[in-house]
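The two complexes that follow have chain A in common; it is paired with chain B in the first and with chain C in the second.
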Partner chain A sequence: MSPDLLFQSVLTGLTNGFVYGLIGLGIASIFRGTRIINAMQGDFALIGGITAVLLLERQGWPMLPAFVAAVLIGGAAGWLLEVLLVRPLRRRGGTEDSYLLLTLGCAFAVSALVLYFVGRDSHALPGIGGEGIVVIADAAMRIHALWLIAISLAVMLTLRLFYSRTSLGLSMMAAALDPQGALTTGINVPLMRTLTFALGGLVGGLAGILVGPLITVYFDMGLLLTLKGFAAAILGGLANPMGAIVGGVTLGLLESIAIVTISSGYKDVIAMVILIIIMIVMPNGLLGRRTRKGG
Partner chain B sequence: MKQSLRRRMFLPLLLLPLFAGIPACEQADDQPVKVGAVLSLTGPGAGLGGPERNGILLAQKLINERGGINGRPLEVIIEDDGSKADIAKSKAEGLIHGENVVALLGPSLTASTGAAASVTNRIGMPQLCMTGLGPEIELSYKSLFHMLPPQSLNARAMLEYLSKGLNVRQLGVLYDSGYGQLVMTHIENHAGDYGINIVAAEKFEVGATDVSTQAAKVRAAKPEVVGIIATSPVPFRNARQMRITQPIVSAVGSSSYEYVKGMGEFADDIVFPEFIVSEDPLPHQKEFVDLFVKEYGTLPKTYDAAGWDATHVIAQALSEVGPDAGSEAIAEAIRANRYRGVIASFNFAAPDMTGIELESYTYSKLVDGNYTRLPFTAK
Partner chain C sequence: MPSTAAGTKPTLLWVAALLLWAALPFVATRHMVDLLVFAGLYSIAGLGVAFLLGQCGIVNLAQSVFYGIGAYSVAWFCARKGLPVPVGIASGIVLSVAMAAVVGWPILRLSGYFLALATLALGIIAQVLFLEWDWITGGTLGIGGIPFIEILGFTFDTPARFYFLVWPVALLLLVLHHNLLHSRAGLALRAMRDEPDAAAVLGIDIHKLKVQMFMLSAMLGSLAGSLFAHYVTFVSVDSFAIDRAISFLLLAVLGGVYTVWGPVLGALFITILPQWLSRLGDIHAFVFAAALIAAVILLPEGFGGAVTNWWQRRRTRRA
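Moving on, here comes the complex of A and B:
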């Protein structure tokens, strides 16, 4: 194996890792704010991605407004999910299992709706920087992938600051950790939960427009993304958005290096074995302890 | 006397059903001839089942416009197996025993085909599946006929072009764990016959969202040509993004407008051994292409044509022996016919139960996102 190939695998692993991490970031954000594992986070990305496709291809919108609208539609989807489905379920005493089932069902429904109304075609979204690549030591990386990494890091840091420095973020955290206590201090707990889902939807919509140029947008992409994002979030420490990025990058690098060092056929086996070992040694995830300290 | 009068009065009433029977018989002759179809309209195989349904419905429409089956309309009852073999089996049973269909079309996937064939084989019912020859047990099913070639033939069609069309010897392959694996097994078996050396073979799971690392590994092996066999546009994109500049040769199952759309600007310099280039149809394909475009507003590909051909094959057999001739006679008529279809010339009495020859393949090349016919013929 040449150093060039190894370096290429690192660049590819980083790109894939940030894709997983971006989805994991949304899962972690919603879990942090509501203690609900959202199995339709990947479908928020589908909603964002397909919105961008429709606005660009069918409505002829320019790229920037289309992308902004796609992110907002993702946020609106999160808001609607909480108001129309999660909140009524909570009123009827929904458990963790029922929330998981609810969001899983929604994921299938979104996929089916996109299939019915948009069709089964794969759509290639335009990337930031087009299809241009940068070549570093004979290894190639798309310019768009660099933007994806930069934006993911920016979102991660923004969320960190949001949760620790803003009154709204702190209120959302309080509503998640101690709803009764939060209510007594005047925090509108239901609104905080709705905003948490809307935030998760925004992150998902952003993931859609960032991931779309790399993997194309198609009707059943959501669940695939959710699975990888979920693995990233668990690995990093489920309630820590920063952990999701770290987990995603770890997973992406493990997969990529397994392909070049051993065999592409055993990529998932190798990656998952290492993940299991990490989870046994660090059951709260790579950044799990820090999450607890942070509350 | 009273009794006699009553008899006289009631006699016509008693005879009424007999007379009523005459128009009833005539009505039976107008009853549609029912053919069942089990297709993958949802799930992972939906990319196959959807086009197959389009081809079937178009053929049904044309056949009925031209008089149906000996004057009776043809009715194809289509069921969705959700790309699952167990559902395919139960849907086939429902069509056979519930709807009393005289033949079965489909399924779309190999596993589902085997499951449905276990039902049709018991009663000798003709089944025209949309797959190539699958597991060896299918050879024992005497009423199962294939509308597509076996994967060994698809592999040989690729190798023919590599060795005789491109005159290359060093091959790198990117293939998925489903369709790709099936074809790849036969490429490995036949590569030596064509003097082809496989310098890199990288597998990825079906539905993988990124195979850049595998593509980089293939590139590092410096092949003269790269084969990509997958049911997704992702590996084609990734190969070009990883600066694989060599020609790409793919397989028939990877050729679809849906994938070309997903490839975006990378849909260029990719060759497919396939059966129909709708942009430039052969004379015997033109009617189908024209009707398809008129009906659906899009160009058809192989799986649309498979549905069309299967419907015509069964309609021809039913017209010859009559829809009530029984399964054995209908299956025998299918075996006896040599059907010139849109896809190929079929000989269902052949050992692979399809009889498609290498000469039936046509070679297309994507140039700036458009299919163009290549002047290459496999022999």
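Moving on, here comes the complex of A and C:
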């Protein structure tokens, strides 16, 4: 195989990797804040993506307001998920299995609603920087992909600063690590959990408008995105805030190497096999420190 | 109420149910009987998913894998190689059980979210492999010409006839399952679910037991898949996508995983409801999802649990 082809596939893998990383960042944030794995994180991306599509195509909104609205709708979806469904389940004594079934159910519901009201078609979102490309050492990369990488890194750094420097972020961490203790110091623990989900929704919505121009937006996109994001998150170690992006990029690169060496048809197989192996062999991920429950 | 009446009433109820069951294929439309056949097939596969969740706390999103293996074994051995029906069904079961052992051994060390998502990943892997390995599976074109099942010269070639094959098989499996739960193994299972540490102290090898149950569940999935292949006589990848595994889990949760016959209720629900809602387009997918959410929050024991509770309350009120 030519070095050009390899380099091109590395760039593609890198771009995909940041997408997985961004989804994984949302999953890891929600897990850190609530100890719940959110199986509808990929469907937050669908919500964000389809909102942007509808606003741009049917309402004729300009790009920036449509994108901002899409991200906010994603956040609102996270908020609603926690207040309307997760909280009642917690009150009735939710287990890991029941939270997973609940968020899976929400994922199916979102997917089914999009199918019912919008249809089966794939919708391409316009990329940031349009269709423009840059050429790096004979390999082409969309300007949008560069934006995607920059924004993902910015989100990661912002989240890190948010959780370590702001009092709201610290309160959210405290509420997750020691709910009783946090309550006694006057932290509104239920509100912190809601905000955690809203934050996850915002990150998911953002992922949706960033991934839309690459893989298009369609009703069925959520589940596989969730799984790959989850793979990214545990590859990086769920407890580590930087982890998801590192894990996502690793996964994306492994996938792209598999495509050029084996066959493009096996891309998802490779990702899923990696997911299973990582869970069994390296339960704390590449950068992991703390042991986690469940492995 | 006299005690004799109380004793005969349930028996009468059973006889009435049996008569209703036997009469249904003769009064219902062909399409409805077809749906009932699918409900029977899904009950068998869903039973496997349900007892894994109910007895071992395992969320299994990989039942489509074994359903597919069962169906493709039949297609391969009976349609392609012309071997007799029992060979196809048996080889499907052997392959599925072997696969469940090999895959289950490492994966069942996981628990909770991680196990559930690992099985979902398995389902996705199988979905791709069923498509890519088209030299075995026929890919999207599928494999046709699968023979009908024939027993003593009687061919199960119509929905009504197959109805009288699949439901007795399903009911037999339910009875066997009931007996399993009330045997020593069933006690071990319950101990494992409720007090895993105590069970381990008592010398129950929890991991081995889980793998064995996973193999049993795979067997049911494979059998259902084989019967499905003999019923529709044509298999293609669309029937074994991840949606199928999701619907097996859905029917188990909706029907209830703590009652033996819960999966039957769940299977009837998911096969017949889309028919009632068909005028509204694809809305049934949303109704299923909403039902799953509602069941998880409001009805953790499913329809089966709700009916049992209602029945018991009614009985205690009368007593």
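As a working rule, the second predicted complex is superposed on the first by the 267 of 295 C-alpha atoms of A that agree within 3 Å, B and C clash if a C-alpha of one lies under 4 Å from a C-alpha of the other, contacts with A are read in each partner's own complex, and residues count from 1 in each chain.
The rule we apply is simple: contacts are C-beta pairs under 8 Å (C-beta built on N, C-alpha and C of every residue); 3 or more make two chains touch, one makes a residue touch a chain.
As the structure is a prediction and not an experimental result, all values here were calculated from the model.
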Contacts of A:N240 with chain B and chain C, given as first, second, both or neither: neither
First, second, both or neither for A:L224, with chain B first and chain C second: both
A:T216 touches, of chain B and chain C: first, second, both or neither? first
Which of chain B and chain C A:N284 touches, first, second, both or neither: neither
Which superposed partner A:V273 touches (first chain B, second chain C, both, neither): second
Which of chain B and chain C A:H123 touches, first, second, both or neither: first
First, second, both or neither for A:G265, with chain B first and chain C second: both
First (chain B), second (chain C), both or neither touched by A:T34: neither
Intersection of chain A interface sets (partners chain B, chain C): 112, 115, 224, 265, 268
Residue numbers on chain A that touch chain C, as the complex places them: 37, 39, 85, 88-89, 92, 96-102, 104-109, 111-113, 115-116, 223-224, 227, 230, 234, 263, 265-266, 268-269, 272-273, 275-276, 279-280, 283, 293-295
Chain B partner contacts - residues on chain A that touch it in the complex: 2, 4-5, 8-9, 12-13, 15-16, 19, 112, 115, 120-124, 131, 133, 139-140, 142, 211, 214-216, 218, 220-221, 224-225, 228, 255-256, 259-260, 264-265, 267-268
Chain A partner contacts - residues on chain C that touch it in the complex: 53, 57, 59, 106-107, 109-118, 120-122, 124-125, 128-129, 131-132, 242, 246, 249, 253, 281-283, 285-286, 288-290, 292-293, 296-297, 300
Interface residues, chain B side, partner chain A - complex: 42, 46-47, 50, 177, 202-205, 207, 209-210, 212-214, 216-217, 220, 232-234, 237, 241-243, 258-259, 261-266
